[in-house]
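First subunit A sits with subunit B, and in the next complex the same chain sits with subunit C.
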Partner chain A sequence: MKTLFLFLLACAAAFAEAPDDRFEKAKRAMSDSDYGEAAYQLRELVSESNFSHGALHNLGNAEWKVVRPGHAILAWERAALINPRDTNTAANLAFARHKAELPSPALSWTESYSTWLSPNVWLAAASLGFWGGVMLLTLPRLLGARRADWHQGIAALSLTAFLFTIPALFGLSRRGNLGVALEDATPLRLTPTREGEELVKLPAGELARVEKERGNYLYVRADGDRAGWVRREEFERIWSRR
Partner chain B sequence: MKRILFNLILAAPLLAQQSPVASDPAPAPPRPVPAPRFVLPQQDPVLPLALNGGAAASFDAGARVGRPVPFRITVLGLTRLLDSPQIPEVEGLTFQTTGRPSMTGDGAIVFNYIAIPSRVGRFVVPSFEFPAGGRNITIPQARVDVADALPGEARYQPLLASIDMPKRDFYVGETIPARILFIETPDETPTYVQHVAKTSGSVVFRVENMHRSVEVEVEGAKRRAIAKPVQITPLKEGPTDVNCQVIVHVQKRDVGGFRGGINMQGQSTIDVPSTHFNVLPLPTTGRLPGFTGAIGQFALSAPKVSGNEVEMGEPITLAISLTGEGNLAGVSAPELPDNADWQTYKPTTDLAAANDEDAPLLATKTFTYTLVPKRAGVRATPAIPFSYFDPVKAQFIDVTIPPQPMKVTASTVPEPPAVATEKPKEEEEAKGPKRIEPALTGLAESSGLWTHSLRPALWSRWFLALQLTPIVFLAALWARRKSREHHAANPQIMRRRKARAAARLALGEARNAARLGDSTAFLTASTRAIREAAAPLDTAQAGSLTQEEVLHILRDDERASQTARAIFDHAEAHRYGANGAIKPDKLMPDLEHTLARLSAKA
Partner chain C sequence: MIRLFAISALLAPALIAAPQTPRELYNNGLNKLRAGDLKEAETMLRDAANSGQDHIITPALYNLGHVRFSQGKETLKGEGNRQQMLDSAAAATAVAEEVLRSKKPIAELSTNVQELIEAYMEGRAARKQLRASHEANTRTFDLLGTALAKWRRSVGDFRSACELEPSDADAAFNADVVERHIKELLKFKEELEQQAAEVEQKRAELKKMMGKLRGKIPDEMMQEGDGEEEDEDSDEEKGKKPKDKPGQKQEQRIGGEREISPEMGKWLKETMKQRTMNVGPDGQPNGGGDSNEPDPLGQPRRDGRFPGGQQQAPKGKKGKDW
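Now for the complex of A and B:
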């Protein structure tokens, strides 16, 4: 009986902590203009490794309202990662960069191309294209059947689709190093030490690329070749490594 | 051994005091032992730790109601410092951690707490598990007896915290200079404000990076405090409550009641009590032109013009500065009205904070306009309507930027041809409508699909494993095809395999018949088994093999040959009704030998 009670209690607790509940709670707080509470609820969701496009989009709005532009841009960038076709998230990013006078991220053509679809859609397309083509070319022979014209036609189409995904996969691997400066005037240091000379400061929300890591420091390069060591707490990769 | 040496070193001074020294004939006169200024908290001996599986928990003696008593957990065998264990709840006892755990010289880690009892009596902290280093450490039970407080002794007073802000009504959008005060008590002194963790209320809560020591008056007495400046901007009209949760480092004094004794550093999460104030909407009446959201008390500097005599088409700059305390960070530049005489551009803004500790909002915002005269003979720059709202006077104040005298002369640059002059107009038209400024969009109505990682599948092990599946599938199909081709090229392999299976089946039937003593069935099964086993060695089918053909195959093995002959003969005799003396169980070993011989040949 006691075990059953504890089990029911655990179930109830788990239900209370459901991501959708927190999402709704945050939405209500936003409607009541309680942005601090909304940001808190959504931050808790993210810290528990619960990510969704809607939650990240709303987290960006809440962070913007509580004047944390770096965190807002990070949340919107992550929302755009999950759903790159959402125009609201793209508009918010444009709005934030316009207001904070931040440069738009300089992406290579492969990186821009990779933003057309979400990373997992690209991966699925590449896998299906490659293995579909290979299967259609090899299976008839292995199963002792004659290779028909349509086999070859669809195999050619699949492999062509795979070829189109290769630049996107390359772009994705490069975008994995992009991150956001979280706090305003984030210093870029000459050496990866606390006493390292400050070379330049990044405004909150500016994008930069991680080039190397050492201990608690990341070597990042921002627009205009501004590069230096930044503390991990002050900079967050868009694609979490968790 | 090390521990024995360590104990001997510790005990040496005591032994030296107690035992007479033979080489010293005249001992020094005894000196009065000074009373200790304070008593160190007792440390648990190491021996009980070993007995309790490497962990001990104990309170210091002398616990009294309302006063903190040190409680410590000592764990042996950990290689690094960990977060302090969560103490189970005990009614009437409140626990607080005091700083980071410490490591003793003999390799134990000590987690320090203070417990504040709320009543007299015996309290028991139950035994509990503490996960550390991949194992569960059992922290043993600990007890403390709490006596009544001494006469006149005050209860433990934790740090006081409050949000200090001006006592008046505020307006929506106004930036309120406030501060969070952490006021010392006889028992706790704030040392450092680490983080403002959570705020609530319909406000924007902006926390400054610095904090400073101040003196505040509490109930007529002056006390030291730490003030953390914050800027609060209400977003909604009506009664508003604002509060926050702050992580503060505090110094806990006189723990254990030894005044002037040991101070303990600790980290406390403090819920700053709500502060209530009323938020009013901006008045709708009396609003003046050029209001761009500035709320506060400001002064406008004299406009600065880059030159008072320019040629037509030559740009000039007009700079104005707004200085004062208010929401200057969010104030936009006043817009220039359309003017036939001047071409105008979007102004630039620059905000310079005064960094005055007594006036945290004091700053100067400078708006710089670029203006180009369109014709000669213009006498002045255009007036720019501008106003702000003064929350103290509760009215809008007009600070319109007055026209500045200007002399615009005709351009000395020769006029371009007529065709060329019309070109910019065409270009202007070709540009299309004015660019729309981006704006913040609404909230997402639904959360969408939840995922537990933002890491793309490309970097996941399961994705790479999934890519191996088609390879394995294709390899299996290829192996199957190769096997089939091999069997087609070598049909005797399949024939032998089938013959062995049929012979094994028939042998099984023969064994059953032998066990039951059924001679007829035994002979039928035996002849079939011999024929099946011999079939791969001949071109004929198993059923059509004759006795002579089988015997020919077995001609080099006398025992097998005789067995086959006997079985065939008896079978023949049985077929024609003769019941010869045959003992199947005796024939079984010979039959098995014969079949083994045939299998070996095949």
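Now for the complex of A and C:
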């Protein structure tokens, strides 16, 4: 029994593709214009939590080619989240929105501010700023050393840096509720029920903000105060919570 | 005093424009429902249900189900007697069939002008009845479509209320009742569709026969109004109104019914048989029974129970003002 289990495990390991292999396959498929295969490989790659800016950007390109604009915009938004400075991703998003006549997302100032850097950088800056400042103020005293002027100067700088990250962190947490309608004519329902009345339909790729959740439904609000319940499988948060 | 006036003048628009809370929307919607203002009630209850507040969604949906059921019933009030409509369509079809049976050979073979004219006039009368039936059917189909849409939405509302609150047996029961009403309506619609198809078929056959008759009747015996009905049908098929030449409309309308030569009219008076429709005793159509009226036992009540008698105001949690 144990042997059989080990054998099956070995087989599974042998058949499981390494992320690099998948990426290579996807690249080859893209260069052969086999966008369906490329999208499949990249989707698998990303679904295994191998989030990288390159994979997501290419996934967006492949999805756009196979005419899945909602999925393409989601992938590009995720890529832009990881690397907000990439002009290609930003250009693709602008092009897709223009083509699909989608409104640009209305972000608050904290949200716009949070797009200057990636979430990792903001988090790192906040951690370093806070703990660096605290350490510089407390460690000399704990270690019995005299607190020098430069200690206080750097502590002040660190804490100032931390203060600057607070609005960005707040903006990031708010942006965590943004999501994308995946399919065209995604219905917003009056109630979170199977037979809920359809109030309005969102085009694929439109951004909306999740306000609450109930069972298999999310209550979202899109541009122009269009709000309603949407099924989870029809809508995906940019900042995936899986 | 002036200051007070200025403050109230500034505050008044703000107070007027203040949006209603979901609770207010629900309560106002319920009051509108009680007052019979279904359109306003629908808007308010819908907004209340769309507030996303769990404790308001279910009762708002429940009452929205009632509003939409009532709207469907209101729509059907303009429908007329169903059995009478079916009977008149059947009668018009029967008359047309009789005309076709007896006059088609004349249209095919006869060269006798008098016979041809007689056949033409009978055909015309039959077509007129068919057209009236066709128009009534079209109107009814529109009403049925509207009522069905409302009732289907009503079922959806009741089912949704039940899905959100599975213990809400009243909502489930009401949904079943409305579904029964829908079934009945669909059954009638099916019957009406069959009748309408027959009416259409007979109209087409009559049109063909009258075309042949017109071809055989000498032009000097035909007058301007004779082709009018044909034209009306053609225009109707094309979905547009007939174009009237300026100054001709009145003339055609006046003579449209019997625009035949005086000698032919005299002859027709003598020879045409009287036709009466068999519509049952006392001039009432056979089949009786006002099938428009929904079974009172089947009417959903706002308290969710269905004994006979008049509707009651919403009770319990669904009807309570906060």
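Rule of thumb we're sticking to: the second predicted complex is superposed on the first by the 226 of 242 C-alpha atoms of A that agree within 3 Å, B and C clash if a C-alpha of one lies under 4 Å from a C-alpha of the other, contacts with A are read in each partner's own complex, and residues count from 1 in each chain.
Convention: a residue touches a chain if its C-beta (ideal position, glycine included) is under 8 Å from a C-beta of that chain, and two chains touch if they have at least 3 such contacts.
Here the structure is a predicted model, which means the values were calculated and not measured.
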Should subunit B and subunit C be called a clash or a fit once both complexes are overlaid on subunit A?
fit
Applying the document's definition of touch, where does A:199 land relative to subunit B and subunit C: first, second, both, or neither?
second
Greater residue coverage of subunit A in the superposed arrangement, subunit B or subunit C:
B
So in the superposed three-chain picture, is A:191 touching just subunit B, just subunit C, both, or none of them (first/second/both/neither)?
second
After the superposition on A, what does A:228 contact: first (subunit B), second (subunit C), both or neither?
second
A:211 in the overlay: touching subunit B, subunit C, both, or neither? Say first, second, both or neither.
second
Please indicate which partner A:100 is in contact with in the superposed arrangement: first for subunit B, second for subunit C, both, or neither.
neither
Which partner does A:36 reach: the first (subunit B), the second (subunit C), both, or neither?
first
Quick check: superposed on A, how many Å separate the nearest Cα atoms of subunit B and subunit C?
19
Residue overlap on subunit A between the subunit B contact set and the subunit C contact set?
none
Sites on subunit B touched by subunit A in the complex
198-206, 235-236, 437-459, 463, 466-467, 470, 474, 477-478, 480-481, 484
Which residues of subunit A touch subunit B once you look at their complex with the stated criterion?
19-20, 23, 27, 30, 32-37, 40, 49-55, 57-58, 61, 64-67, 78, 81-83, 88-89, 91-92, 94-95, 98, 119-120, 123, 127, 131, 134-135, 138-139, 141-144, 169, 172-173, 176, 238-242
If you look only at subunit A, which of its residues touch subunit C in the complex?
190-197, 199, 211-212, 214, 219, 227-229
Report the residues of subunit C in contact with subunit A in the complex, numbered from low to high.
46, 49-50, 52, 54, 57, 61, 153, 155-157, 159-160, 163-164
